[in-house]
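Below are structures written as structure tokens.
The two complexes that follow have chain A in common; it is paired with chain B in the first and with chain C in the second.
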Partner chain A sequence: MDLFFFVVFAVVAIGGGVSVVLQTHPISSALSLVAVMGSLAVLYLLLGAEFIAMAQVIVYAGAIMVLFLFVIMLLNSGGETKPGRSAMVKVLGVPVLAGFVAIIAYVFSLSFNDTLAVHFGGFSDGSARSIGRAIFGAYLLPFEVTSVLILVAILGAVVLARKELD
Partner chain B sequence: MFQGGGVPLSWYLILSAILFSLGVAGFLFRKNIITVFMSIELMLNAVNLSFVAFSYKLQQVNGHIFAFFVMVVAAAEAAVGLAIILTVYKNRSSLDIDDVSEMKN
Partner chain C sequence: MEFYVISLVKIAVVFAGFMTVLAYLQWVERKVIAHVQVRVGPNRVGPHGLLQPMADIIKLVTKEGFLPSHVHKFFYLLAPFIAVSMALVSISIIPFGSEIKVFGYTTWMQLTDLNVGILFVLAISSLGVYGIALAGWSSNNKYSLLGGLRSSAQMISYELPLSLAITAPLLIAGTLSLREIVQSQGGYNFGFLPRWSVFAGPFPQVFSFIIFVIAGFAETNRVPFDLPEAENELVAGFHTEYSSMQFASFFMAEYANMVTITCITTILFLGGWQPLFPASLGSNYLPPLLLFFVGALLLFNGLNPRRRKDRFSLPVFAVVFFLLGILFLVPAVKPILVPFFWFAAKVGFLLFTFIWIRGTLPRFRYDQLMSFAWKFLFPAALINLLITGLLVALTAK
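Then we have the complex of A and B:
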């Protein structure tokens, strides 16, 4: 059952990722990215990361992608019309990336070929309780610094969005 | 090959590598500035999957914390980045990244 869910949602994630790259209209890319994020949330659940899965659905698929869709609709931009990249990129791009993936896959399958299989329920420490204990214990200072980061981001977004450069 | 119908950990890491490479491809090949930005989000998601998978292997919660911080940074980055895109569009009336290439020379 683990294997079934992994294969189904891995295929959805890879298909969505390919679609993000290949679609010419940004709205199609954004909806494909939502599919990738939803299937990644299921994979997080399989890995025992309940809190991260819920945060993925709420923060990424809920907040960030709505922001993207909002900007795309606000700007009302169409698909890409100009031709693509230079000839070298067209010829070499896909083989180089495929080689990169092949090298990484080879290294991973060599390094992690011990019989550690991922079972649903094999790691039960991903609840909001244990995440909260870690955040407000060992990671208290970084957590507080992120609040400053978000404040800076809010101020920056407001200042940039109303700035008139002429 | 693996007992009890589980999934090898390396499959998760390879899936993460594939998604990261797709993000790199989108970042390098696309010309729409919003699609380029979405490719960056795809790369961040791939790295999050690696963090959570390693967290399972080590049986520690630290990887989840890092994934959480990556999400926070991604949210802040999306807010600022989309504000920059709005400003660029206001000034150029275009979302093509080749129209915003003054820093090239």
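Then we have the complex of A and C:
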């Protein structure tokens, strides 16, 4: 059962990812990204990280992607007209992609050996309680620093938007 | 195997019940609004218009599903599907009552209990925005687009105070599972005051209850926050172009969201299926007494009819209510019905409030709506959360 869901949603995630790039209309791309986020949430759920899964849906699919969609709708941009591809893309595209995939596969095979196999539901610290303990215990400083970083970004956005009004 | 059979039966029961509630909620709404405005409301189809929902369903199903030529077909057809499915999913984790025994099987009056239940509800409701936003955009119509944009902006804005208002009672309950939240509100202070979140705890959650209900009105696009479909400026908002079953899907989604939000309010703040006063003071006998009273009232009005047809219809209803009241006294079904009665009574009261306010308040202006969310509701929810958090931390063992 677990394997079945894993295969289904892994295929959806990869298919959605490819579709984000291939779609010509920005709304279709954005919705493909939503599909990717949703299937990632299911994969987290399969691993036993319920809180992360729900946070993934609420934050990424429910808030960030809605804003993306919102902006695309407001700009009302139409479908993309295919530009002519440059000669360099035609020649180098496939080899460079293959190279990157090979590098990633190599790194993974180096850092994870067979004894570290992933088990469905094997992660037991996925509850809200353990995540909270981790964030406000061991990782308190990184957490606070990240929140300051986000605050800076928000302030920056406000300042930039103000200048445009004047 | 047994688990699957029980689950399937429960799903069938909940689905049938939910659909009936959705159909008749619309009848109740039309009747209540009519009486608020001193009208009669639907009274042609069946006695007191009781078959009106059936007539509406037949009408909507048999209508031509019209597909305008200028729409983005795929998203236009996808949008009502997203809206209605996201609205219907949340009912699966709502606990309607306590643990029950039916034919020797012990089960909960709940389809499934997630340990991140409340987050699941938030996640699903945040996905519901896509249905409305896509409907507005794909209709390729300026009124629809404006309605869709308004709605998504409104739902994103009001999700913040809503989530913050949810967090405060969660701090007191100490769990995210809906079943455990209700269980944590069992028991009574001073022997009669229920330990619901609105009454008890280190800090009574009256403020977050009010904030939650206000934000809930906005989340479900109900009056006074129904700007997405403000008919005097936007025709019908995001569902202007829709007809037949696609229109019905949006309609159903709105009512389903209303039921979900009232169920969540009941669970978080009003103690779910926990009775208003302890069984030692006779709370188990209140439902049959209430039903007998309603039956007697109907019988009296049936014997002194104001209209000719009341002579037949009201006594029949009176018999139905008497039979229901007797059902509550049968020991075998009493433990099933009494918790469900309390849950349904609270949800029903909140739903009535939704309709009541629709009959009472005018609509907000759009800038008022936004500044209300960001400048009043959000800070108020934040302050409430801070105070609750402080008091919970101080009183923690």
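The working rule: the second predicted complex is superposed on the first by the 140 of 166 C-alpha atoms of A that agree within 3 Å, B and C clash if a C-alpha of one lies under 4 Å from a C-alpha of the other, contacts with A are read in each partner's own complex, and residues count from 1 in each chain.
By our rule, contacts are C-beta pairs under 8 Å (C-beta built on N, C-alpha and C of every residue); 3 or more make two chains touch, one makes a residue touch a chain.
Computed from a predicted model, the values in this text were never measured in an experiment.
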Which partner chains sit in contact with A:Ala128 here, chain B, chain C, both or neither? Use first/second/both/neither. second
When both partners are placed on the shared chain, which of chain B and chain C touches more of chain A: B
So, does A:Val42 touch the first partner chain B, the second partner chain C, both, or neither? neither
Touch test for A:Leu67: chain B only (first), chain C only (second), both, or neither? both
With the two complexes superposed on chain A, say which partner A:Ala55 touches: chain B (first), chain C (second), both, or neither. both
Which residues of chain A are in contact with chain B in one complex and with chain C in the other? 51, 55, 63, 67, 74
Can you check the complex and tell me which residues of chain C touch chain A? 72, 75, 114-116, 119-120, 122-123, 126-127, 129-130, 133-134, 136-137, 145, 148-149, 152-153, 156, 159, 176
Mind listing the chain B positions that touch chain A in their complex? 2-15, 17-19, 21-26, 28-32, 34-35, 37-39, 41-42, 45, 48-49, 52-53, 55-57, 59-62, 64-65, 67-69, 71-80, 82-87, 89-91, 95-96, 98
Where on chain A does chain C make contact in their complex? 27, 31, 34, 50-51, 53-55, 57-58, 61-63, 66-67, 69-70, 73-74, 127-128
Please give the residue numbers of chain A that touch chain B in the complex, ascending. 1-3, 6, 10, 13-14, 17-18, 20-21, 23, 26, 29-30, 33, 36-37, 40, 43-44, 46-49, 51-52, 55-56, 59-60, 63-64, 67-68, 71-72, 74-75, 77, 80, 82, 84-85, 89, 93-94, 97, 100-101, 104-105, 108-109, 111-113, 115-119, 122-123, 125-126, 130-131, 134-135, 139, 142, 146, 149-150, 152-154, 156-158, 160-161, 163-166
